[in-house]
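The chains carry the letters A, B, C and D, assigned in the order they are written, with residues numbered from 1 in each.
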Amino acid sequence: MRQFVKQAVVPYERDARMTAHGPSDALRIELNALARRAGLFAPQLSAELGGLGLTHLQQALVFEAAGYSPLGPIALHCAAPDEGNMHLLAKVANAAQRDRYLRPLAAGECRSCFAMTEPHPGAGSDPAQLATTARRTANGYVVQGRKWLITGAANAGFMILMARTEADGQNLGATMFLVPLPNPAVRIVRLIDSLDSSFSEGHAELAIDALEVGAADVLGEVGQGLRYAQVRLAPARLTHCMRWLGAAMRASEIALGYARQRHAFGKPLAEHEGIGFMLADNDMDLHVARLTTWQAAWLLDQGKSARHESSRAKVIVSEALYRVADRCVQILGGLGITGDTVVQQVFRELRAFRLYDGPSEVHRWAIARRLASGEPRAGERK
Amino acid sequence: MRQFVKQAVVPYERDARMTAHGPSDALRIELNALARRAGLFAPQLSAELGGLGLTHLQQALVFEAAGYSPLGPIALHCAAPDEGNMHLLAKVANAAQRDRYLRPLAAGECRSCFAMTEPHPGAGSDPAQLATTARRTANGYVVQGRKWLITGAANAGFMILMARTEADGQNLGATMFLVPLPNPAVRIVRLIDSLDSSFSEGHAELAIDALEVGAADVLGEVGQGLRYAQVRLAPARLTHCMRWLGAAMRASEIALGYARQRHAFGKPLAEHEGIGFMLADNDMDLHVARLTTWQAAWLLDQGKSARHESSRAKVIVSEALYRVADRCVQILGGLGITGDTVVQQVFRELRAFRLYDGPSEVHRWAIARRLASGEPRAGERK
Amino acid sequence: MRQFVKQAVVPYERDARMTAHGPSDALRIELNALARRAGLFAPQLSAELGGLGLTHLQQALVFEAAGYSPLGPIALHCAAPDEGNMHLLAKVANAAQRDRYLRPLAAGECRSCFAMTEPHPGAGSDPAQLATTARRTANGYVVQGRKWLITGAANAGFMILMARTEADGQNLGATMFLVPLPNPAVRIVRLIDSLDSSFSEGHAELAIDALEVGAADVLGEVGQGLRYAQVRLAPARLTHCMRWLGAAMRASEIALGYARQRHAFGKPLAEHEGIGFMLADNDMDLHVARLTTWQAAWLLDQGKSARHESSRAKVIVSEALYRVADRCVQILGGLGITGDTVVQQVFRELRAFRLYDGPSEVHRWAIARRLASGEPRAGERK
Amino acid sequence: MRQFVKQAVVPYERDARMTAHGPSDALRIELNALARRAGLFAPQLSAELGGLGLTHLQQALVFEAAGYSPLGPIALHCAAPDEGNMHLLAKVANAAQRDRYLRPLAAGECRSCFAMTEPHPGAGSDPAQLATTARRTANGYVVQGRKWLITGAANAGFMILMARTEADGQNLGATMFLVPLPNPAVRIVRLIDSLDSSFSEGHAELAIDALEVGAADVLGEVGQGLRYAQVRLAPARLTHCMRWLGAAMRASEIALGYARQRHAFGKPLAEHEGIGFMLADNDMDLHVARLTTWQAAWLLDQGKSARHESSRAKVIVSEALYRVADRCVQILGGLGITGDTVVQQVFRELRAFRLYDGPSEVHRWAIARRLASGEPRAGERK
């Protein structure tokens, strides 16, 4: 996996199909073919779906190797949001939905998106603010609303759509729907300029107007959307940690190489204590990020919910890796702010990671509430 | 000034002439005209050069107001690198050079650039590594070398070029030359992709091949280039602090406004302690940045070199303002990583500021050496 | 002042009368005599009370000089809590109270204490939790309650006592009372072991049982206690900043001297970048602390309440000076944790300062609420 | 183990034999008896020496439990410096030395000390500065020098003494000697006042004058002292991490309990986000410290040197646990700086831990040098 990413994927990083809104689908399809040929496609999937049936801990190793290039997870079909969507569908979709949505997605025949967040004042960190509605009709539901920062929506084959369900004036809670795309009732208002640029087709804003969804396209049960979101998010947060650990490793290798080679004030940068201490801090932050990710992955492999550990990992890892990326920029000096190395992109991605899947503040508060309620002892797993 | 920037300049922030490599010259010229009409053009210049003859402390107030928009300093002709170049020329240029270079620059008839930094293994933080050479000839000098990350070089009217001077096999030290642009011996190899995007025409890489410079275009004396660089840099660092203080104020206003209006978990973000503490930290960092900048400006007004204070200000202010921008991104959540507010750009600019004009590490070491030599008592100005 | 503290006061730092609970009264009296002889006693007081009538900004300079030794403020009679008590009495006491309490205190004939905080669940950061009661009787009040962490209570000549006032079953709010000490109804339960050790006679826990106070000993008006506490605290926080700035200067001088003299790995510590960066950070933190303190002091001199700036200064200065002390310990290595230099004591005092007069969290929240209410713009004074 | 420490040891924390220089030997002997009776004495020792023959990873669990009370490791005879000394002797001592020194120490019949560090300008972080000399004589060695900050020297049964060995004017390098105490040639000059107070009999300064040591009391080989110091230090650093993790767990439990019970501004502290975030950060720092310690212990169990991991663990764990202790003090408010809870002591101990066994700076530099030499990839173990 490491070799494949270094040798086959990294050269594509300067491909013209890398846009400010992320790699284009054409690039993805070309990379997917390479991965299939190498026998490395979608390794996280079950054997039945064409993968290697990896445990979470095995995924940690493989996804880190994939994350070494921003294009690695896309090439290997283990990138967000598809990877999390496949996980969710594998857990919740019924047989017909598996055939219609999961199989082609698993095969890389299409991409998917996950449409939960909304523009102000709708749902962001607080899912209770969900403003998109799915009103019950005779044959199914009619959805109305606006979604925002929906990763990979452009050119996606379908979306998992979260909406507040209403029937006979009653609020039935959030429900997930499967919606084939493109769809005349779902308009891509714009691609949103964003600090990051590693997701296929970037982030879109969607206007949903009188979208009709049949009852067969309810994912799981009505009103269980928030619960399923947790099913998706706890491991999804962790796979983010794994992939971005690889990205931060890459940045730190580049910075270390530069510090060993570049001279200033009479000796290599790496022999200046000020720079050396930054290299050491990178080493320690990467170590901590890896151990934290592995422990949570191992816990999932034990069949535990790892809710607490997933929150911990999200905060610890995103903040540690961000510090690494920030130091790498600083070590590279002027070079660090240019696009001449991938470090600048890694820095931008990791800044965004501190906000994805719940900003640090939301997770700190979730951890704090559990501690205050007496659930785990501080510093211990349940 | 504040009103002018808010009302006349801010609307241009979404102008199509704002590119990934910074605002185009056409946009600059249009904005300059507005500033002239408002009587606010180049306020830092002496009255003789058409400015208001502001003290450094007065500049601190005016430049902060200008920095409220990334386009403000450009509109008002007090942006880097022109502002520092004018300062340098006013101090060092002879009468003929003032007429030929300073006057048209002061009038906004052209832009200029400052060509010091070089690609590896040339001059970066350590100017002793200067690799571009100016070899003495019968009539002047022939310059050979490569310059890198040269802000505003594209479409500039002239450049101040730093090169190691050699005559008869002897190293005469670094010298500054004035070079009209465009020039067939100076090729713009490329515009460099960069994290920031607020400088006119971005950052270029230049190949200088057999460039002939007449003796009359030596700026000041041969071999005094590094000394003049200090003449330029000490105040230039401080005007960076002033302008970016304005930018950080803008970001913090946007974040505060958002925190007061956006609800999550049952109340406005600003009423969550976690967010409130970030707002308070912004308030304190901005306060500290302002006081530090003002103190150093005041010292320059007393005729002091303020070398130590300029280093202090560079580190304190760039790091404090960066923390502010980072918190603003965090407070805005998903919105913070989009281009929907100017906060994302301010964040990118301030990350770069931690590297411009000497990274924090170089200044920390300069401060440390002075302390170790017994020069100032820790925490006191000499 | 600087000379007096260095030459006359510093030698007493190893006096046997320095106990774990702070310097004894006998030591204070001896030091006060030296200060009087030098004409430097109680410089902050008005000329009428025997002082020099300094402005707040002048106090900043003088108190910093005093704080150079933990014994300096005690010698000069500008230490907490007496200094703040004198300030409060000068503002609020009536003529008779001035004669009976303020004059002897100003003359150094006695010490005083300020009895507000209580053991759990009474008043701490939140004064609304005041549990000590003063019940109205025919001739005055009967006070009942427990006070905790009352600095300098042992051997004090009187205390300013805060209690919730009740009359006819009605809560009249918090009131301040003047209570001569010793008093049979006020029992010193114990001296409390504490991290700090620079306050005269340490911190006591008091049991108050059926204490009778006459109406003439109400300080100011009934029910105005919390307002007077603010009269006392806003400048008292600032004088803490001033004195501890001096202490941190002292620590940083010791650390710098050590770093210049002590060798490790072939060169003086100060020539190691890792140590040099710490010295530079100390220099910058001290600079920021001084500017912040001066700005707030200057604002008080303009007749402003400086409520916002006092909160800012408390947080900025206590945290900056603590970082300085922590780095000094680190630079000194093993020596830093011993009592062989005063650095260890300064470290302990500054840790405590982050909690005195409102912990950082209370001030951050106060700042945040003002920002959220639209009162000052972030980073600006009103 | 947890139960024993909580029920049998914690009550002794307020014993009068706890002095500012640490617990007295009388207290230790009483506690040792309890541990023996509970079958928990010296669990880390081999079965042959009366212990349980724990692996390093098992030690991590047991030492954490012991560290829950500052007296726990002393009671269980797994405290520094004896624990590290026993480890060293078990590795290096010959049969006669095992009988004479290791057996009685393992049985708790005496204590020992490790005499390496010296007053300025002798050996501190840089062992090359060793100034104490052992001059070769006909029958052995004569040692001359001064040792400083020697933990547990007072009342110790013997010391392991490091000295620079000289024979016939030649420097043979550092050698370790076994020296029975008390000894008329070894004078305890004083007990040194120190920030910490958990080591038996505190830290002493020793004057060694014409101390005669026989050749039989050379530990291991002449000139191998620095190598043996590494044999001792790599695991000793780790057992420090284990014990202090327990101490930080204790502090965090106390802080959490207080935050759940203590009200301010209308609700329990723990329901304030500002406090909640501190509790969450404690939880995460404790988690990271535990994982880091376990990983390094596991590596030692694999027979690896774990030199790199031991340095990492020292920095990561000491700094993480210190942050925990600092936050606990802050959460407790005024109570935190008093001796009313053990938190204040834990804070003091952990501040010292950042300096023991090599300050963070020495380890950061060691890590940096290995990275710069290409030894491990950043963030990876070799």
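Heads up, the rule we're going with is that contacts are C-beta pairs under 8 Å (C-beta built on N, C-alpha and C of every residue); 3 or more make two chains touch, one makes a residue touch a chain.
These numbers were taken from a predicted model, which means no experiment stands behind them.
Participant: As a test of understanding: of all chains, whose mean C-alpha position lies farthest from that of chain B?
Facilitator: The chain farthest from chain B, judged by C-alpha centres, is D.
Participant: For A-C, which listed pair, B-D, A-D or C-D, repeats its interface with over half of the contact pairs the same?
Facilitator: When the contact pairs of A-C are compared with those in B-D, A-D or C-D, B-D matches.
Participant: If you average the CA atoms of chain A and of chain B, how many Å lie between those two points?
Facilitator: Computed from C-alpha means, the inter-chain centre distance equals 37 Å.
Participant: Could you tell me the distance, in whole angstrom, between the mean C-alpha positions of chain B and chain C?
Facilitator: 43
Participant: Quick one: report the Å distance separating chain B from chain D, using the average Cα coordinate of each chain.
Facilitator: That pair's centroid distance is 51 Å.
Participant: Can you list the residues of chain B that touch 2 or more other chains?
Facilitator: 272-275, 277, 361, 364-365
Participant: In the complex, go through chain D and note every residue touching chain A.
Facilitator: 248-249, 252-253, 256, 259-260, 268, 270-271, 273, 275-277, 279-292, 295, 312, 315-316, 361, 363-365, 367-369, 371-372, 374, 376-380
Participant: So in the complex, the part of chain D that touches chain B is made up of which residues?
Facilitator: 272-274, 277
Participant: Going by the contact rule at the top, pick out the chain B residues touching chain A in the complex.
Facilitator: 20, 117, 120-121, 124-126, 128-129, 148-149, 192-196, 203, 261-265, 272, 274-275, 326, 329-330, 333-340, 344, 347-348, 351-352, 354-355, 359-361, 364-365
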